[in-house]
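Read through the structures below before going on.
There are two complexes below, and they share chain A, which is joined by chain B in the first and by chain C in the second.
Right, the complex of A and B next:
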């Protein structure tokens, strides 16, 4: 795949939470890059650190959490070293963000129009009149019918899908170079999810912005992303372009995850799914060696002692495993 | 095949209260005249989006919610109006598994007690027999019996769902309503719980009503599927038939919206316009008409009945018989 210049380079990021019960290494040495105009899917289950990674990029990690190591290079500058004042100028202007629950991210006592306008007025040197015009344009752009009327409505007057459109309009208001979408469609019904994904793809094509697409749903990644990073217990375990990851998953976790999801193609319904044994380890009691070893069918003595490095197994395809899966995955059978 | 459950013209309306006297000012038509049946030993999947009434239907069928109108025939007996005293022995035969494995277990009770409680309520066996039964059931659902005195918060989401399943099957029921049993669980745990449900069905000859929104999950475990929209059944068919030849425009759009975990498949989506209307004030005629590509005048005037188009495939659409609904492209 042709890739533009690097927009975001996360290097060995470590975000730990210091709680009374011990230290939780929520993000523990994550590295990934996003090129201009690229969609990177960051996928994993609860506790894999995907959301903490996105909050770290935005510098929104709260006590007891702290970034304890690594760099987040955005357009050549390290965000970790930025002052809160400098970050405020970047957030919303150069990096936009949309979350799972739009109701909690929107202020219930302001109209949706006012909230989008505020984002524009904070970051851009425009008059109120221009900001209002721009807001209505944005509402139209994200597919909200009757934008002039919707401008004066409050968040509770809108449906979940419409609220997420408002969030997207707000995130798009300053033409960000990077949009972080953190489980943005998880709370939506499947027909509404399809609408929102279509909208995001369309805006991405039109503006050329890059997207960090965070989700637990592998199917959405297949649909949206150019590249995929699979996270498990705060570390990236597999990283590559979307075709390599879905056609030749090499990490036993990725392989297991892809096989355990019921497929729409299989004839073998009503038969046991190849499930991954066990569960994600307790963050206070991580297993020694590879964190996946207690659940891994291929684990050996070495896996129980040593943590494998994320290593390139074929050009552009990185795997953190001593015994990568060798078989070609059947096309989702 | 024997029908274990028959639902006839089931209606459940909830009042919307308002004003100083909290009088009903409107009605949420959660379930609005649905009829279907479930065969013994099968899994019937009930799918739909939020507000479709699938959960209300599931709970009304086992009388956790009182029906407004209609008839529920369970195992040959009309249970619609049975008083609580007569309903109790029948409740042993029908149980429910809830979506939220966190909210549906009493946090102050050890899990052994949670699983034993139905035996107590129904006065089955003495204490020793009950405890033996609890251990037996725990083993069956994959919980280690030495955990019997632990509390729900000591378990993960997947294990809690196993506790909920153990409680549902401890009475050895015939029929189990599973309301979104895996939707709160991570992907790797979903498969474990689905496998358990399949295994228990075989071992205990259970009949399931699976209420869920994830169509891939429903397809994997169901023999037949009913599709609901705004309180109505739009289509009922055998699983394979429904996925290969969906006839209702809503089913077609719903299936086409399912994301596929394969980057090589670029699906042509049928994108529905707009949102699901409110069940308080649903559209006249066909409830789907406001979002339907094929809607004509008749759809606003007349409600299409759910008709049999052959081999147990039922569809509620004015145009199905005339073959005017476009072919579904996969």
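Right, the complex of A and C next:
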């Protein structure tokens, strides 16, 4: 696939949380790149640092959290070095974001129209009249019927799917170059989820924006993304284009994740669904060496002592493992 | 279930059920609060309009035969030691007392909201400084300081009393508002507002404050009653509203010397104050019940 120029380049990002019980390295040396018009899926279990990574990009990490290292190069400029005021002008205008909980992401005391209008008025020098017109267009764009009527409705009068559409309209209001979707469909039921994904894909095709698609659901990544980054304990463990990751997962963790997705075959044979043994390690006491070693079936002495580097195993496919899995995964999607 | 029921009602009546609409609906079911509201409206109207309708002037002295007369047709609530009509003075004094009550609550609220909002929203060092200052203000013994303040601040106007009450009355509001902000700032809609580039000030005043109005309104309603009592206490100690301007407080103080021979001088301001404060308290309770977020849907 022809790749555009680099839009977002996250380099060795480190976001730590300084709590009374110790330092939690929520994001510990994460690097990934998003090209213009590309959809990058960032996958991982709860607590792997994927949401903290997205908040770091937005510069919305609150105390006790702090970005302690790395660079976030967006359109050639380092966001970490921006002042709060410069960052405020980027948020919403150049980077849009949608959240997991559509039920609570809208302010209950304002109509949805008012809230989308606010996003426009904050960044654009337009009259209220124009902003209202644009808001109604946006509502129509995200597939909300009767936008003129919906404009004056309060969030509690809309369903979850409708609210998520409103959130998308808000995020799209200033034509951002990058849309961050942080588990945006997780709280919705499956049919609505499919509609929202379709809407996001459609908007992405129309506007050519890039999407950072954060999820724990591999099936969604396969459907949405061009590239995939798999995160584990604050680090990227595998990175590559969607085909090579799903066809030839090389990191034992990715392999385990893919095997634990139920397929039609596993149901027929009545074999129990394979699961990854063990638990996500305690963030205060990370295992030495590779963080995955206590759960890894292939772990050796070396894995317990040394942290492997993220290395290119084939063109465009990076893995952080001393013993990459060599088996080709049967296509089950 | 509740959601569906209201949805059905919405469809049937075509009326949008906003939060405030539901609050109004629930308040109307609260009998004591509604009676109180009616009583308060009557009292406020009487105090505002009454003095204009009265044939007597507040400071109009009666002839010597009219001094300390018990209630009669001519003077429904009697006259005081200078022969002034008590009803007229009661209504006029009500104006002053209510004005002191409302204005001091409003001023205290402004200070309390600003302090509480910034402390709760920003947290950290700012929160520590502002809240320790609040604690210090709370631990100051008010009465001795009032005596000092009353002599330091020049003039004897009603505004001085309002100012003094406000200076010592904003701390509770500040704590309430801070508490609301502490919990509301964690809401996703605040995060979402930040993610679209809304400034901190705009988030504080436009996004969080309207969501924390309910406890503020309740506290203010109860506060009006409390401050009327406070004004009376100050007047009783001689630091309140200065005669000849009447207030319910200084009418009471004035009456204590003649209690044995002219009890009506005590009854009228006493009962007026009692009913008003009680009504504010019931209304506040009713509002608290009506605005309880746990009852919302």
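Please note the rule applied: the second predicted complex is superposed on the first by the 326 of 333 C-alpha atoms of A that agree within 3 Å, B and C clash if a C-alpha of one lies under 4 Å from a C-alpha of the other, contacts with A are read in each partner's own complex, and residues count from 1 in each chain.
By definition in this document, contacts are C-beta pairs under 8 Å (C-beta built on N, C-alpha and C of every residue); 3 or more make two chains touch, one makes a residue touch a chain.
Computed from a predicted structure; not experimentally measured.
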Partner chain(s) touched by A:123 [first = chain B, second = chain C, both, neither]: second
Which partner, chain B or chain C, touches more chain A residues: B
Which of chain B and chain C A:23 touches, first, second, both or neither: neither
First (chain B), second (chain C), both or neither touched by A:243: first
Touching partner for A:89 - first (chain B), second (chain C), both, neither: second
Partner chain in contact with A:311 - chain B first, chain C second, else both or neither: neither
Contacts on chain A seen with chain B and repeated with chain C across the two complexes: none
Touching residues (chain side chain B, partner chain A) in the complex: 43, 49-50, 156, 158-159, 186-192, 194-195, 198-199, 213, 215-217, 219-221, 223, 239, 243, 253-254, 256-264, 269, 271-272, 274-276
Complex interface listing, chain A residues touching chain C: 58, 60, 63, 88-93, 96-97, 99, 101, 104-110, 118-119, 122-123, 152-154, 156-157, 167, 170-171, 173
For the chain C and chain A complex, residues of the former touching the latter: 10, 16, 18-19, 123-124, 187-189, 191-199, 202, 207, 210-211, 297
Complex interface listing, chain A residues touching chain B: 45-46, 145, 159, 161-162, 189-195, 197-198, 216-223, 242-243, 246-247, 256-258, 260-264, 266, 269-276, 279-280, 331-332
